Structures are given as structure tokens and as C-alpha cells.
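In what follows, chain A forms one complex with chain B and a second complex with chain C.
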Partner chain A sequence: MILVAVALAIAAFLAVFLAAPVASVFHAAFASGSGGFTLAHFESFLQISLMRESFWNSLSVAALSAVFASLIAVPLAYFTVRFRFRGALLIQTLGVLPLIMPPFVGAVAMQLLFGRSGSVNLLLNDAFGVAIPFMDGLNGVVFVESLHYFPFILLNLVVSLRNIDGAMEESAQNLGASGWRLFRRIIFPLALPGYVAGASLVFVKVFDDLGTPLVLGTTNMLAPQAYLRITSIGIEDPIGYVISVVMVVFSVAALWASARVLKGRDFATLQRGGASLQRRELSPWQQAAASAWVGLVLLLVLSPHLGILLMSLSRVWSFSVLPEGFTLAHYATVFAQSTGMIVNTLVYCGAAALIDVALGAAIAYLILRTRLPGRQLLDLAASSALAVPGVVLAIGYLRAFRGLELPFLQTAFTASALALVMAYAVRRLPYALRSCMAVLAQLHVSLEEAAENLGASKARTVRRIVVPLMAGGILAGFVTSFITAAVELSATIVLSSSASRAPMSYGIYLYMQSIAGRGPGAALGMIAVVIVGLGTYASHWLLERRSAAVARPIA
Partner chain B sequence: MQAVRVEARNLQLSYGATPVLRDITLTVEPGEFFAILGPSGSGKSTLLRLIAGFARHQAGELLVGGKDVTGVVPWKRNVGMVFQNYALWPHMTVARNVAFGLEERRLPREEVRRRTEAALQLVGLDGYGGRRPSQLSGGQQQRVAIARTLAIEPQVLLLDEPLSNLDARLRLQMREELLALHRRLGVTTIFVTHDQEEAMTICDRIAVMDHGVIQQVGTPIELFDEPANRFVAGFVGSVNLFEGELRASDVFVSPLLGECRLPAGLATRPLGPACLAFRPHAVRVDAAAAPGGDGLGFDGTIAAASFQGETMRYEVRVGGASVIAEQPHRRGGTGWRDGTPVRLQVAADELRLIAA
Partner chain C sequence: MHPKWLVAALALGIVSRPVLADTITVVTSFPSELTNAYKAAYEKKYPNDKVEILNKGTSAGIAYVREQPAGSRAEIFWASAPDAFEVLSSAKLLEKVEVPTQGIPDKIGSYPINDPEGLYRGQALAGYGLMWNTRYLQAHKLPAPKEWVDLVKPVYFGHLATSAPSRSGTTHLTFETILQGEGWDKGWNQILQIAGNCAAVTERSFGVPDGVQNGQYGIGLVIDFFGLAAKASGFPVEFVYPSMTSIVPANIAAVAGSKSAEGAKRFMQYTLSEEGQQLLLDPKISRLPVLPSTYAKAPAGYPNPFSGTIQAKVNFDTALSESRYYVVSSLFDQVITFRHKELQAATKAIQDAEKRLAGRASPQLDEARKLAWTPPLSAEQARDKELLAVFKAKKGDDAALRRKTQIEEEWSSKAKANYARAVELASAAK
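On to the complex of A and B.
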């Protein structure tokens, strides 16, 4: 009975804060003035040349970013798994960088470093008289996004490669395969799940990113158009909803396609007692070459972070390779003006993360430990939030909850912090859910059966055995939800109405709008990096401690 | 295809400071079905991987078909290996798996198809080419792995514990099939196992390994009847083994058994520490005070009896020692009860004195 009540409560939450807003977006896109079904809005969407252009731009930027991210990530992943060399550990830690700083924060710094009159092009111009248009228009978006998101491919691929049974490779060598053919025919196909998971994630993330194009001033893409339509023309403009529908459809299609590619294939993972791929030693010469290359990649990947740090400390930085003077004044400005935003971020994201772990743990338990009919639907519904771009969800809130006043507060729901918290919670629920599922799946059910056998009821068993053993995963899920919500911009821009109620990410975005605000914007960005960095470190530390403390039960 | 000889000369291999193979010298004759038998950690799998090129020896020579293959990469050796877990690639069909090695050799498409079919037919899996490895039973997967290896017509066939992942009945069946396959193809085959029964039933000759050293090489009967040392005696079949000292050519003194009179002609070793060994099935159990024979006789008491089906196995207390004796069981026999005093007899030609 309790289980059913919990399941229904979760379903209701998802229905109100995920399904209803998305449904209202779809309704608005297909509803005629009289309320009937119409495709007229799609027709007018297709007739506006800016929309067609935006559509192709979004599609090609997302695809190209996935391609460039792959070009960086695949060799890095292969080399770290395959060879023993000193940079390997360093490469692994790259994985946390995209979590630490949202791409739009780094985008401004990238313009200063790689733009037409940025440091690199100034140097190139002095030396060779040439300039490379890294940051011009769509190039800039692709450049920033692929540098930012390649670790998603790297990390997933490394895990997949590590799981390949070494005998798979040796048997191919035994039959005459080596080098590139061995990689192409055996290794890469076996690691495909990791690659596809990473690449589709990059595609979806780039496709629905609003902050980076906006900050770079590239508005001829879908996400910026949806935002501009709704905020400038108004919430009744159907084109904004049509764009939203297109974005959802493509996100779903990308995720579906990635699942489709992997369907019907078998991927053997490492069996118990098996050895993974053998690592080879590098000669000193190769070692040096590998290190140099890794160093170059690192420099490129860290450039937004370094750039932001420099910006936050620089007095003036324009048309010069490096800033002309250093100051701490920007930090003082930020602390004087924006402490409220920092507090807002902590409160909103903390609340959202709490909701996420509560829901995540409950859903995980329902799925893995009960036979409740329809429990898989909860997982599906919660995970489907991954395919809903932040802009779309936020627009859906504006539409579905318009006119809804919060009781006692006399404010509109969509103007309140509650809307942000709910949007964060829904968007980050999949992360917390995965974290909880992973830890619960590892707990052998016999641990709970033993408790029941000794007289503990289901509820007592959950409280005394399941929750304590899941604590590490729950905490890690909390931190992941928290830090990713802290750097979320898409939903934030749409739902933030006043600076006093806005979180840091919105503050950074506001500052970055003006040249004068760049310094303080960068300083606020650095503070966000520190908060998120600490959170990331905490979650790693918690996970390490958990895996050390909870030894695997004897099977 | 001409069968080739595999020769190891003074092979040495260590991982860091840990020696894994010590001075391995071994010849596998062309067309032989040869087993490398040893407990886990004995170095037997390493030796096999060395032949396949997956490990490198630090000293010595390895010759396949008369050519030194040291430094030849695995994919140029043409030495087929069947892996313990089969290592079938799950992203390919059975036919693609089997065709793989032929494709790597850039053979014409038609020949690849023909030889793939022939290999599958050889292992009795024609018609299974379109399936995925995961759709096959363990025994079928094993056959695919064998077909995949045989398709390239390797000079040497290496089998790494090929039967260990199968259930008992299938294991017996596959054993027969491996033997039949070997008789048909005549390819030099090296078979690594920890199961002495498996090695003895199908192999022409066996090398027993322990701690990276070859303890003895011989036919199954030689190993069983004339074990070179305690390890071989205990690992190949079961044995009653007593440490002691050879005092004179016919006097063996053991702390557990006391002084034993040995039959004439048994002791060909120098005087000093030695072990007296005999197989449990060579011990005859008689009623106490039965007349003695030409071998060795002990008085003892039945300590435990266990019925094994074909045989009855007794643990007999003799002085401070415990002797295992196995007697054939005949229908209706009830055997000796615990605590019964008995006379044990071991025929002279069943006794062995081996190095301590």
C-alpha cells in the first residue's frame, strides 16, 4: 500500500512538472486559434528563412561538435587504455572539467584567446601574417562546445575499453590481425556502447545549449531563436513552441538512434577472472611524443578556464596577447553586488538536489526491489527528462503555469524561485536516479533478506540496511545534481525574472552582456568554478570511501 | 599441410623478480597430441602464450617448424590458439567469426566462404553461420572457437584449458571430438590442462609442470608407472607416499611405517633419504594374519571406508601412518567395517622408491 502511494506520488510529480509543461508546448505548437489541430504553425516555421537556417545550423553545429569531440577523445581514450605513460592519469581527470564550468562562461574567454583579435591570432599575425577564424560565427560554437564536451566521449569510451576481455584482442592477433585493422574490426566495435553513449550525449547537449550561442552572439540557431521568440514576441507566439517541438523531437531521435545502433548487438564485458587489454610500455622517445601531445590537448582544453581566471584578475584586456594589469577589484564588486545570487544558487540547487535523491532512491527501490506493475514506466518517465532541452522545459512552465498564483505569497509561480527549483529537479533527476540505481543494483538482495530473516519488517529493513548502504550513492547523486544544476543556464535564463531572485549562472550571463561586466562576470564564474569544483571533489571522495567501506558481498 | 615440430630450448621468463618459466626444454613431435599438465600457477599457460607470441622469453630459443620465432609478432606466427573462454567476438555472427582470420590473410572472397563453411562443417555446425555467439550453447561456442582457429590451417594448434568451461557430460563428449579431430587433421596440438585425467585420456605425451619447471615428460603410462619425483607421483593419479631413509639395499626406515624389508632388486638408488611410493589400487586388503607374499606387508586397522561405486576406498591406520587402499567392488560385497584389524599387501613390482 505504501509502495503504491509512493509510486503514485512520484508519478504525479513527474506528470505536473515534466509531462504537463511539455504537453502544453506540443499543444501550443499544434493548436489552431479555435483550438483544433493544425500544421499551419509548422508551415509558417518553414516559410521563415531564418528558421530554416537556424534548424540547419543547430543540426550541423551539434553534429560537427560530436565529430570534433570524437577526434579529440577517441585517440586519447585508446592511448590511455593501451599504453603505460605518465599523462594517462591526467587525461582521466579531464573528465570533471565540463562539469566544473558551463561552456558559456568559457566562451567569452575563448573569444579573447582565439577570436579575430585574440591572443593566438595576434601571435599568429605577428609571426606569419595569418589569422585563423576559430571563433567566427558557428565555428566559435563548434570550437567551444567540442572542447567542452569531448570528455563525455572520453570517459564513456575508456570504461568500455577497460571492459573488453583481453582474450578478444589476443584471439584476433592470433588469427593475423594487428594495428589499425585490429582496432577497426575488433576493439572499436566492442567499445561501441561507450562511444555511442558519449557521442549522442554530446550531440544532445550541444543541440539544446542556449548559453554558448547567446554569449557568442550567434542567434541563428534553434535554442536562441526559441528563447528570443518567447521573450521578445511573447508567450502566445506559436513559432517559439514549434521550435521547442523540433528540439524535443531531435533530442529524442538522437537518443533513440543511439539505442537503435546498439540494439540486437552483443557486447561481452570482462568475465570474472579475465584479464583486460594488455598495456604496453612506450619507448622514451614515444613517451616524450605522447606527453607533448597530451600537453597540447590539455592546454587547449584548459584554455577557457585559464582565460576566465585571467579575465577575472585583469584590469584591461583587449587587443593584446595578455592582460595589461592585474587587480582583485572584480571580486570585490561581485561580493558587494552579487552575494545574494551565490546564496540563491546554494539554496535552489540544494533543494532541487534533495528532491532528486529522494525521488531517485524511491524509484530505484521500486524498480529493483518490487514487482509493482508499471514500475519501469517511472524509470522511463524520469529518464525522459534527458531528452527535454532546458529551454523547452522552461517555456513549457511559462505556458502551462501562466496565471498560476502561489498561495499566501501573491507571486506568480513562474516568477518564483519554486519554478526554478522544480525545473532543476526535473532536469537533473536522471543523474540522481542513475546514481541510486547503480548503488542499489550492487547491493546483494541477500543483505536485505538476512535482515528480514532476523525479524525486520520491509520498512525497517529499508531504514536500517538499504538506506545506510546506499548512502554513498545517494550523496554522490546529490552532489552531481547540485553541481550540474548550479551551472545550468538554459532554463535559468528563461525563468529568471529579477536579479534578486536569480542564481549565479544568470548573474554571470548578465555581467557578460557588457564589456565592462566581463571582469566581474569572470570573477563570479571563478566562484562558481570553486563551488562546483569542491562539490565534484566531495562526490569523488564520497564514492571512493563508499567503495572502500562497502565491500562486495560474497556471491 | 605438413605437421611441424615445436622445440623449446632453455626458455627463461620472469615477470619482474618472479621467475615464471625456468629453463624449459621440450620437444613436441610433428603431429603429436601433447599435453602440458600442471596446477594453477605452474607456468603452463604462460608457456602456451609464449608459443602464441603473447609473452616474450628473456633467454632461450623457441623453434616452430625448425625456425626460431623469437620476436615474431603473434599475428605473423600462424599458430592457432583456442582460448579458455573461447573469446568469440559478440559483435559478429558465427560465420564472421570463423571467416575473420581468412579475411585478415586477404584471401579471395570465394575461398573465404568455402573455407568458413568447411570449418563449420568440420565441427558439425554447418547451418549455424548466421547465428550470434550468444545464441549458442557452451559446447557449440567451443566448436565455433575451434572452427575459427582451424580455418586458418595453423601450423600448430594450441588449446588453453578448452574443456574447463563445460559441464561434466559435455566435457567427455568434447574430449572424444577433439581426439577424433586431431586424428583426422594430424596437426601438432598442444593442450594445456590442470586435469590429469583429461591429459591422460587423450594425449600422446604429457609434460608435467610445477613452479615453472618441467618435472617430467612421458607417455601417460610412463608418468603413472614411473613418476620421476614426488610431485609427479602425487599429481598424476593418487599415491601413498612415505618419507624415510634407505639404509641398505633392502632396508627402508620410515618414521611413520617403521623398518620395511624391501624386495630384492627394488632399490637402484644410492643410500640416503628417499620416498617409498605405491598406488592405492595396488594395496590388497586381507583379513588379519593372512599369509604374506613377496612384496611388502603391513598390519593395520580400518579407520574409514567409503564406497565409490567401482571401488571401495579404505583409509587404514598402520602404526602412525595412514595408508589408502582401493579394492574393486563386486556385487553383494559389503567391505570391511571400521575398526576391523586387517593385513595389507603390496606386490613387489608395485613398489617404487623415488627421490625425497
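On to the complex of A and C.
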């Protein structure tokens, strides 16, 4: 019975904080003035040239980012798996580095490094008299996003490549395939699932990113338009909701298409346990070429970090390759003015991550250990949060909870920190859920059976056996939820109103809105990078420890 | 207890901050340097009050105030664009507050500093001008500009930046000032030439000073404090007021239906006091106080609109500006913002032809100039009552909206055709 109650509670949470807001967005997009169904708002959306332009811009930016991210990630993944390459560890590090910095923070620094008169173009201009428009308009968004999100492709592709059975390759070679043909006909198709999963994730992430285009001053894309319409024209503006619906539909379509691409084919190679792909030796100059490529990518990937570090320390940086004059004053400003925001981030993201692991662990238990009817629906509902862009969820909150006052506080729910916490929790739930599912799937049910045979009740078993054994995974889920929430801006910027209740990500955004604020903004960004970096390190450490701990009793 | 409820309880705990007697919520579009300075100084003087800053873009701020129910609205609205206050006051969202304004003159030039009905007050003054990056100009061997009209010179092609009136109220004021100073036809001719020389029409007004400050653009059309603050922060930039500028107030007002009318009054009074006005002189803020006596404490070389260091030749006519606000914004978007590439191409072709012909007269070139730099709307048409009404129509007036879309489409396609023809003519000019 208690299981049913828990399941119902989770369902209620998801209904209130995920389904209802999204439903209210859809309702507003299709409702006519009298409450009936209408397509008139869609018609006006299509009639406004700015909207059509934004739509194509968003689509092409997302697609181009996936293409450029692939150009970076595919060779890197292939190097690591295929060759004995001394830089392999470097590539692994590469896979994590971009993710510890929110793209919108790096974007400003990229302007100084790669902009019209950025360091790179100044050097190029001096040497060759040319300039490359890396950061002009949409180029800038594509550039920043591909550098930020390529690890999704890299990490997924490496896993797929590692899982390819070496026997497949040998058979192909025996049949006479080699070189490019071998790669194109055998290896690439077998690695496709990982690639498609990564690329579709890049597409979805870029499609719903609000912070990067806003910070770069590009507003002719869908996410910024939705934000601007709802905040400046008002909550009643139907076009804002139409944009939101379009964004949800495209996110879902991208994820569905990626599932579809993979569905019709059977990629499982019959036997596992055989050798993986042959590792090849690189000739010295191949080694040099590979190192050069990896070095170049590393330099590119590190450039936002480097740029933001320089910005946070520089007194003046203008039309010069490097800043002149260094100072710690920006950090002093941030600590004097914005410690509240750092604390807010820790509290909000901590609370959201706690909700996530509690829900994630409960859903995982319901799915893997019970036969409750409809339990898969909970998984589906929780995971569907992945396809809801942050800006859409936040707009849904503004609409669904309009006028809702929190008891005793005399504040509107949507103006309170609670709205942020809930939005973070819902958006990050899929991560925590995956983490909990993974660890519970590895726990053999015999441990619980043993406990029950010894007379422990179900509840006691859960408390004394399941939860402690899941601790590593739960903690990893907590950290993942926490760090991704800490750098999220899409929902934050819509739901943050007062500066004193705002988290760091909003603070960085606010600072970046004035010239004198660039330095402190960068300093706050560095602090965010450090917090997220530490969190990432902690989660890796926990996962390593967990796999070591879990391996013992079962092996 | 299920962990979820524990978390909910915890989450509730963090939102319940102690409620003070007077929390003054300020909706503002101003940057954090300014708001932080006022918050800190005010809270120091009135330790029982708490200032909450809600940083929103001007139009987002209006929407925010409008959507709050009476009784729980913010206390203060504080922003640059005078039209924002007109919108709020016509929606009856502002409260008249009696604040003594000793020493603050009624007018700057011919422009009233305070709202004649007393609903909002000028709190600082702002002029519009040119900001440039000295290193950029040096590297590209460009002369420093002085007047708007300097910007039409071919040397500046691809080195300027501006924002669009529809995206930023301050940019609207800049171009409206040129239109009022030069007259409609000559004004648009100048604006089109300047825009043709622009490397970018940025989406936000801040994009311009930001781009000049880090050297992406050479020269930008900006509101004064952007330029002055960047210079005071040590950036290699200069700022100048062209003679054809206007000085207008940035305003502050108490919102009607706020939680604490007393707090609103206290805060407003503070910002207008000697002490509050002095905060504007902070180099990172660099705004012009409305209280003339404050300038005595200003650093050397600080511009003073009351002493004649800024010549404001244009007597800005707000009524005229307001009457054609949407027409000017939309016209700018249709012929410049959305057709910027084509306008740039036409400008380039004409400048190349001028160079090639080296001063020789050419009817083709004259025709190209006329096509590229004449607005599709004459001064007379711009005064047309019917047209103005169409652009001011409310949402829901479908007939007017359709008519408006139609007119905009006409401007847009006419501009496109004219620019293309101008390129042809200029390239063929002999």
C-alpha cells in the first residue's frame, strides 16, 4: 500500500510541476479568446517575418552546431579507440572540460578572443591581413555551442566504438575491405547508435539554450524570442506560447527521430567478450599529426576558460591580444556584493538535487523491484522532462501558477525561490533517475531476499540494505543534478525577479549587462566553474568508488 | 516522513526571509553598478528599510508592473526612456508623490525635467553621442568624429555600430533627435547613410558600447554614460556630444498600488537629495545629476549640461516623437534592420563609384544616391493622421493590423528593390 502511495505522490509531483505547466503552455497557444480551439495564433506566428527568421535561425544553429561538434568529436573518438595514442588521457580530459563551464559564461570571453578585433583576429590581421568572422551573429552562437557540447558526441561515440566486436572488423578485412571502406561500411554503422544519441542531444541542447544567444546579443532565435515576448509584451501574448510549443515539438521530434533511426536496425553483435577493435600503431609523423590535432582542439576547448580567467583578472582588455594590467578587484567586488547569490545557488540546487535523488531512487525502486501497474509511465513522465526546454517550463510556471500566493509568506509562488527549485528539480530529474536506475540494476536482488529471509520487513530492507548499497549512485545522481542546475540559465532568467533571491547564474548574466560589470561577471563565472569543477570531480570519484564497492560482493 | 516532504519543508524555509516593515522593491533597467551603489548607500542611511532590486529591461519592467495586482506591486520604477513613464502613467500605474525638489530646475533647455502632472521625476540627465575606441581608430587610421554628419563619410564604412529604435528606447531617441534636428527628409538621408556605413545593427542597445569597448567596432552611437563610464573605467575610449544632441531626463516614479507608499517616497527623496545625486558621479556610473549644485563636486572635465559644456541644439519635442514613435521604429526596421545587407551593398557601390569618378558628375550616381538614401515615406506622408492611427492600433484591431503589415511589406520590398537598383546604377556609373 505504501508503494501505491509513494507512486501516487510522485505522479502528483510530476503532474503539478511538469505536466500542468506544459499543458497550460499548449492550451494558451491553441485557445481562442472565447476559450475554443484555434490555429489563428500559429497563423500569426507564420506571418511575422521575425518569427520565421528566428525559426530557421534556431534550426540551422542547432543543426550546424551538431555538425561542427561532430567534426571535433568524431576524429577524437576514433583516435582514442583505434590507435595506440599517447594523448588518450588528454582526450578523456577534453571530454569533461567544456561541461564544467556554462556556455553563456564562456561566450563573452570568446568575443574577446575570437571577435572582430579579438586576440586571434588581431594576430591574423597583423600576420596575413585577414580576419575570420568567428563570432559574427549566428556564427558566434554556433561556434560557442559546438565547442561546449561536442563532449556529448565524444563520450557516447567512444562507448559505442569500444563495444564493437573485433571479429566484425576481421571478417571485413578477410573479405577484402580496408581503409576508408572498412570505416564507412563496418565501423561507422556499428558505432552509429552512440553517435546518433550524442548528436541528437547536442541538437536538443542547442535548440533550447537561451543564455548563449542572449549574452551574445543574438535575439533572432526562438528561445530568446519566447523569453522576450513573454517578459516584455506580457504573459497574455499568444505568440510566446506558440514559440514554446514549436520548441517542445522540435525537441521531441529530434529525440524521437534519433530513437527511430536506431530502432529499425539491430546493432547487437552476437558475441561479446571477444577482442575489441585492433589497436594500431601510429607512425611517428602520424603521431605528430594526431597530437597536433588534439592539441589544437584542446586549445580551442580551453579558450573560454582561459578567456574568462583573463577577463576576471584584467583591468582593461580592449583591442589588444592580451589584457593589460591585472587585478584581484573584481573578485573583491563579487565577494562584497554577491555572496548571497553564491549561497542561493548552493541552497536552491542542493534542494533540487535532494528532491531529484529522492524521486529518482523511489522511481527506480518501483520500476526494478515492484510489479506496480503503470510504473513504466512514471519513468516515461520523468524522462520526458528532457524534451521540455527550460524557457518553456518556466513560462509554463508563470502561466499555470499565476496569482498563486504562498501561504504565510505573501509572495507569489512564481516570484519565490520555490519556483526555481521546482523547475531545477523537474529539469534535472532524468539525470538523477538514470543514475539511480543504473546502480539499482547492478544490485542483485538476492541481497534483499536474504535480508527478508532473516526477518526484516520490506521497509527495513529498503532502509538498511537498498539505500546504503545505492548510496554511491544516489550521491553521483545528486552531484550531477546539482552541478547542471547550478549553471542553468534558461529557466532561471525567466523565473528570477529580485536580485537578492537570484542564484549565481542570473548574477553572472546581470553583471554582463554593463561594461564595468564584465570583470565581476567573469569573476563570478570563475567561481561557478570552480564549484562545478569540484562537483564533477566529486561525482567521478564517487562513481569509481561505487563501482569498486559494488564489484566486490557480486564478483 | 517521505524525503520529498522534508525537502518541501526545507525549500519553504529558504524562501521565508524575515519580513521587514518597509521593503522597497525597485524595478529598473539600470546596470548593477548603479543599483548596488544606491542600495548600499540607502540601506546604510535607513537601516530599517530593505531595498530589493528587480533588474528588467524597460519593456519587461512595464509588463511586470502591469501584471502585478494592485496592493502587491513594486514601489519604484526607475528607467531611462521617458516614453516608458508615459505608458505607465496613461495606464494609471503611477502615484503622485510630494517630494521637495529644492534646487532642481524645471527645465533642461526646453525639455521639462519633471512630468508636468507630477507623476514622475527626472532623476538624472542623459545625452546621446558618439563613443569610439581610440586604439581601433588608430589601427585603422581613422579620424575621430565630432558630429553625426561625420559618420556618413566613406572612410567609416564598416566601422560603425548602432542599435535599432524598435529594440532600444535610447536608440529611438537618438534617431528621433536627428530627425527633429535635420528635418524628416534630410534626417532620414543622414540616418540611411550612417546605417549604410554600419558594420552591424545590434539587437540590444548595450551591444553597441560593449562592441566599441572591446574593439569590435570603431565608433558607436550611444547614450552618454556608457561612453563616460567605460572611459572612467580605464578603457581606451572617448565620448563626444555632437552639437545636434538633446538632453533628456532619466526618470524615477512611485508605482500606484504598491505595498509601501511611504517607503517609495523615502527612496525617491533620497535619490533626488544632494547625497543621492552625488552617487551618480561615481566613475563607474558617470551619469549627469539633475541637481546643478552637485556638479561642484564632480571631477575635472565632467560634462555639465547646466553650464553649457554640452550644446544641445535640438529642442526635443516629445509630443511629436510620441505621435510617430511606431512609424519611425517600424520604418527603421523595414528599410534598415531587416535590409541591412542590401543597404550596405548599395552604400559600398556608391562609395566605390564616387572614388572611381573622382568628383565627376554622373546622373546615374545621383540617381543611385537618391534611391539608396531616400526613405519610402515622405515627410508629408509621415504626418498623415490615418497612417499614424494604423500604427498605434491596439492588439485585436485586426483590420488595422492587416493594414500595418501591408504597409510594412510595401516599405520592405520597395527598399529592397531600390537598394538593388542603386547597386546596378552605381556600378555602371560613368
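Just so it is clear, the second predicted complex is superposed on the first by the 545 of 555 C-alpha atoms of A that agree within 3 Å, B and C clash if a C-alpha of one lies under 4 Å from a C-alpha of the other, contacts with A are read in each partner's own complex, and residues count from 1 in each chain.
The rule is short, and it goes like this: a residue touches a chain if its C-beta (ideal position, glycine included) is under 8 Å from a C-beta of that chain, and two chains touch if they have at least 3 such contacts.
Just so it is clear, the model here is predicted, and its values are computed rather than measured.
Taken together in the superposed arrangement on chain A, chain B and chain C fit without clashing. Of the two partner chains placed by superposition, A:11 touches none, neither chain B nor chain C. Contact with neither chain B nor chain C is seen for A:252 once the two complexes are overlaid on the shared chain. Of the two partner chains placed around the shared chain by superposition, chain B is the only one that A:186 touches, whereas chain C remains out of contact.
Set against each other, chain B and chain C differ in how many residues of chain A they touch, and the higher count belongs to C.
Judged by the touch definition given at the top, the superposed model places A:450 against neither chain B nor chain C. Note on the composite model: angle chain B-chain A-chain C, taken at the C-alpha centres, equals 160°, rounded to the nearest 10. Of the two partner chains placed by the overlay, only chain C lies in contact with A:513; chain B stays clear of it.
In the superposition on chain A, contact of A:176 is made with chain B only, not with chain C. With both structures placed on the common chain, the touch criterion links A:219 to chain C but leaves chain B unconnected. Superposing the two structures on chain A brings chain B to within 44 Å of chain C, judged by their nearest Cα atoms.
Chain A has no residue lying at the interface with chain B in one structure and with chain C in the other.
Chain C makes touch with chain A in their complex at residues 2-4, 7, 10-12, 14-16, 19, 25, 31-33, 35-36, 52-57, 59-60, 62-64, 66-67, 69, 72, 133, 135-136, 139, 167, 199-200, 202-204, 206-207, 209-211, 213-217, 226, 229-230, 233-237, 284, 338, 405. Interface residues of chain A, counted against chain B in their complex, comprise 165, 167-168, 170-178, 181, 185-186, 189-190, 192, 265-268, 271, 274, 278. Against chain C, in their complex, chain A makes its touches with residues 6, 9, 13, 47, 49, 111-112, 115-118, 136-137, 217-220, 228, 231-235, 315-320, 325, 337, 347-348, 351, 354-355, 358-359, 403, 406, 408-412, 416-418, 421, 497-501, 510-511, 513-517. Chain contact summary for the complex, chain B toward chain A: residues 52-54, 73-81, 83-85, 87, 89-91, 100-101, 104-105, 132-134, 145, 148-149, 152.
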